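Structures follow.
Paired with subunit B in one complex and with subunit C in the other, subunit A is shared by the two complexes that follow.
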Partner chain A sequence: MQRAVVQGSKRGLAALAGVTAASGMGLVYALENSVSASGDNVHPYALPWAHSGPFSSFDIASVRRGYEVYKQVCAACHSMKFLHYRHFVDTIMTEEEAKAEAADALINDVDDKGASIQRPGMLTDKLPNPYPNKKAAAAANNGAAPPDLSLMALARHGGDDYVFSLLTGYLEAPAGVKVDDGKAYNPYFPGGIISMPQQLFDEGIEYKDGTPATMSQQAKDVSAFMHWAAEPFHDTRKKWALKIAALIPFVAVVLIYGKRHIWSFTKSQKFLFKTVKGREPPKAQ
Partner chain B sequence: MSSHKEEPLEADVDQLTQYRERCADHVTEFKSILDECNDRVNSRSNTEETCHQEMADYVHHLDHCAMPKAFASLK
Partner chain C sequence: MKINNSLLNFVNGMLVTLPSSKTLTLSWNFGSMLGMVLIFQILTGTFLAFYYTPDSLMAFSTVQYIMYEVNFGWVFRIFHFNGASLFFIFLYLHIFKGLFFMSYRLKKVWMSGLTIYLLVMMEAFMGYVLVWAQMSFWAAVVITSLLSVIPIWGPTIVTWIWSGFGVTGATLKFFFVLHFLLPWAILVIVLGHLIFLHSTGSTSSLYCHGDYDKVCFSPEYLGKDAYNIVIWLLFIVLSLIYPFNLGDAEMFIEADPMMSPVHIVPEWYFLFAYAILRAIPNKVLGVIALLMSIVTFYFFALVNNYTSCLTKLNKFLVFMFIISSTILSWLGQCTVEDPFTILSPLFSFIYFGLAYLMLFIFMSSKLLFK
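Moving on to the complex of A and B:
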């Protein structure tokens, strides 16, 4: 009788725990959606990038074109402090191409006598920063320092979609929105007013591979390049994930049966209690 | 409605801009709301109202028509 009561309350507790967990998850989901719903900017449309999904790699041709856009348009204001020229070798360029790219750049350095010099770059150098420090960057850009682009694709909600939409989203400002000199209206930017005017224009640059350099094409390519810059290991990571995922079923089988084999003695033990002469339990008096 | 689906794009002109123009009839309702707001705000000199929200709604629905087609047309 007592056991039946205990069993009942245990089942009740299990049900209560389940309901609590489910409502907790529901609450988290609702809060997450309400956070997404806040803000007055347009949420970027989800685009089918070549590198989206667990089985896809970067479109390296697009990344190469994106580097051309970065070098000729973005590099005038934005730095890439975590990217070195050596990262290009055998990924988006050959070693010779990467060395030539580095040699094109002017790198601030110090000579043997301690004097400041500028020298041609080499593979171990970072992509150069257009400004010596953040205050200089802000002073040159109406008080709004251009952020570093190394990890920007991962830093912004919406990632690649946001970058693409932002770069192509310079529309005429609606009535009532006051746009100061040097700033622009962009409905994808939080607040709507962005300190970076439109930078990409049809035929603003010329691609080496002959692709027509429309604004959208440049935006797509530079978005891919920025994602590649933020995750240079991206293709390797997915390759390793696929290998590990392929091995997991076999390893799981081995581990499960190994465990069961090792525990078979312990779990199949039976205990038999037998009274021996001289050690009987005391008789009731 | 069919115009933005069938005609080939003009070469060397921005694909997204072209599709935004072609999708104009897709979002006439939101465009009229935005235009109404623009007219209302421009006709008053002492208002703090902005049409940013109407613009956001218009752009959101324009994207659903223009963005996937433009992106698919890029190399």
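Moving on to the complex of A and C:
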């Protein structure tokens, strides 16, 4: 009778705990959705990038095309101050190609007499900044300085998906939304009004490798390039991760065996209770 | 065998022949794992310090210099950044394990442990600022401003830390020096923590009066501690695959005193404290509550109660405490709007209620067995 009551109450308690936990989970899920729904911009769709997987590498052909987009479209306003032409060598270009790209650029410099000059670039130069300083950049762009693109792929929530969506997300402003001259409406940008008008158009540039340069193709390629620029070590780190991951099972086996070997005596201990002559328990009287 | 050297005897008694219960599970590995991570952080941090410049115009650029130009600099930064998260993961597991097994019965260990926790929080915060990104700068502004609530000396202390009238490059130098020096102090206190612990040995779930049925610490528990290497290798793999998942995108935007981010949130390991701070719409009371969220646990060491453990009740309360802390952490990263402005004070109240309930039970349970 007593045991039955205890079992019954235990079952009831377990059921109550289960219901409470489920309710808690439901509440958290609902609230988390409301958090995601907050904010004043559209959330970018998750896209299947070539480099998204835990052990996936960059699509280098796409990165190369992305550099072409950057050079012909983005470089007019955006700098990439942490990137040098030498970073391209043996990663996305050969040394000759990188040198040729550098030579194409005009680099601000000072000559032997201290006069300002512009010279062709070389491998050790940074990708040039089109403006001398941030204020000049802002003045030339309706008060909004174009941000440096070196780390842009990592510097925005949503990363590559956000960049792609932003570049392809321009559309006519809805009724009631006031868009000033020189600005554009883009639902992916926080606030909706962005100072960068649409930059990518079908066949806006021509790819060297013959790929059709549609707007989405250009957006994909330049997004991949920007991620590569922010994480040049990306492929290396995944390669290393794979090597170390392959090592873990063997290390685990050795450590587990070693520990169990050390503990074998303790774990296999037996306790024997026996009577010692002269210390027998007293006989019942 | 006996050795004549007293220092060797001292070390031997703590690491080799220390009588230890047979029932210490992998939960007891958390402490040694933390020791490993601390050494790892000191090593990686020292190497990063070679190339870092604590100047407001150059700090962010030198961080990127480490990432782009220094041979394998990116590896050290990734490990150092994620190592901090790994440290806090095991630190919280270690604390919860301490609550489950009522480790506050070992007073000196508990007090030194809480001190280490506070110092590590300061260390992590200062490291966060050194990146000199948007979140770093504004976190520094917010957190250092909280010190102004200290009576009489508050504004002076804030001005001293800022080394000026706002967060500037001088503040960065201040934090860099402290960020580099503090780990060595933490290391010393950790050694003290270890000595206090190994003087008495760990608490365990199996009561054993006397040392007649125990094993030596070495080689049994050294072999068990070696399991940490597997966890460490897993950490390396995860760091390399997801290097920045635990960070914010704002970490890659250089600090701009003219523009603040839309949302300012600390790293994940501070979110529960941040939620408690925001739950109270008064600066002074908020700071006091923030401090008390940790200082409360010092009071546990003031109670003399070594044997009266209400195990099941304690386990229930600790689980509730873990759940409320987790929910507070989640609330800390939510925006300030309904219903989060209601839930924050509610769960802050639950957090403190549970902590003081545990303390009360710890004080009272002795009376049940008198």
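Keep in mind that, in the parts below, the second predicted complex is superposed on the first by the 218 of 285 C-alpha atoms of A that agree within 3 Å, B and C clash if a C-alpha of one lies under 4 Å from a C-alpha of the other, contacts with A are read in each partner's own complex, and residues count from 1 in each chain.
Criterion: a residue touches a chain if its C-beta (ideal position, glycine included) is under 8 Å from a C-beta of that chain, and two chains touch if they have at least 3 such contacts.
If you're wondering where the values come from, they're calculated on a predicted model, not measured in any experiment.
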Is A:103 contacted by the first partner subunit B, the second partner subunit C, both or neither?
neither
Who does A:17 touch here: subunit B (first), subunit C (second), both, or neither?
neither
Go through the superposed model and pick first if A:117 touches only subunit B, second if only subunit C, both, or neither.
neither
Contacts of A:136 with subunit B and subunit C, given as first, second, both or neither:
neither
Tell me the contact category for A:177 with respect to subunit B and subunit C: first, second, both or neither.
first
After the superposition on A, what does A:76 contact: first (subunit B), second (subunit C), both or neither?
neither
For A:190 in the superposed arrangement: first (subunit B), second (subunit C), both or neither?
second
Interfacial residue positions of subunit C with respect to subunit A in the complex:
22, 61, 64, 67-68, 74-75, 78, 215, 219-220, 223-224, 226-227, 229-230, 233-234, 236-237, 240-244, 249-253, 262, 327, 330, 334-335, 337, 339-340
Please give the residue numbers of subunit A that touch subunit C in the complex, ascending.
28, 31-32, 35, 38, 54-55, 82-83, 87, 147, 150-151, 154-157, 159, 190, 230, 232-233, 237-238, 240-241, 244-245, 247-248, 251-252, 255-256, 258-259, 261-263, 266
Seen from subunit A, its contact residues with subunit B in the complex are 40-45, 47-48, 62, 164-165, 168-169, 171, 174-177, 187-188, 192, 202-203, 211-212, 214-217, 220
Touching residues of subunit B toward subunit A in the complex: what are they?
11-17, 34, 37-42, 47-56, 59-60, 63-64, 67-68, 70-72, 74-75
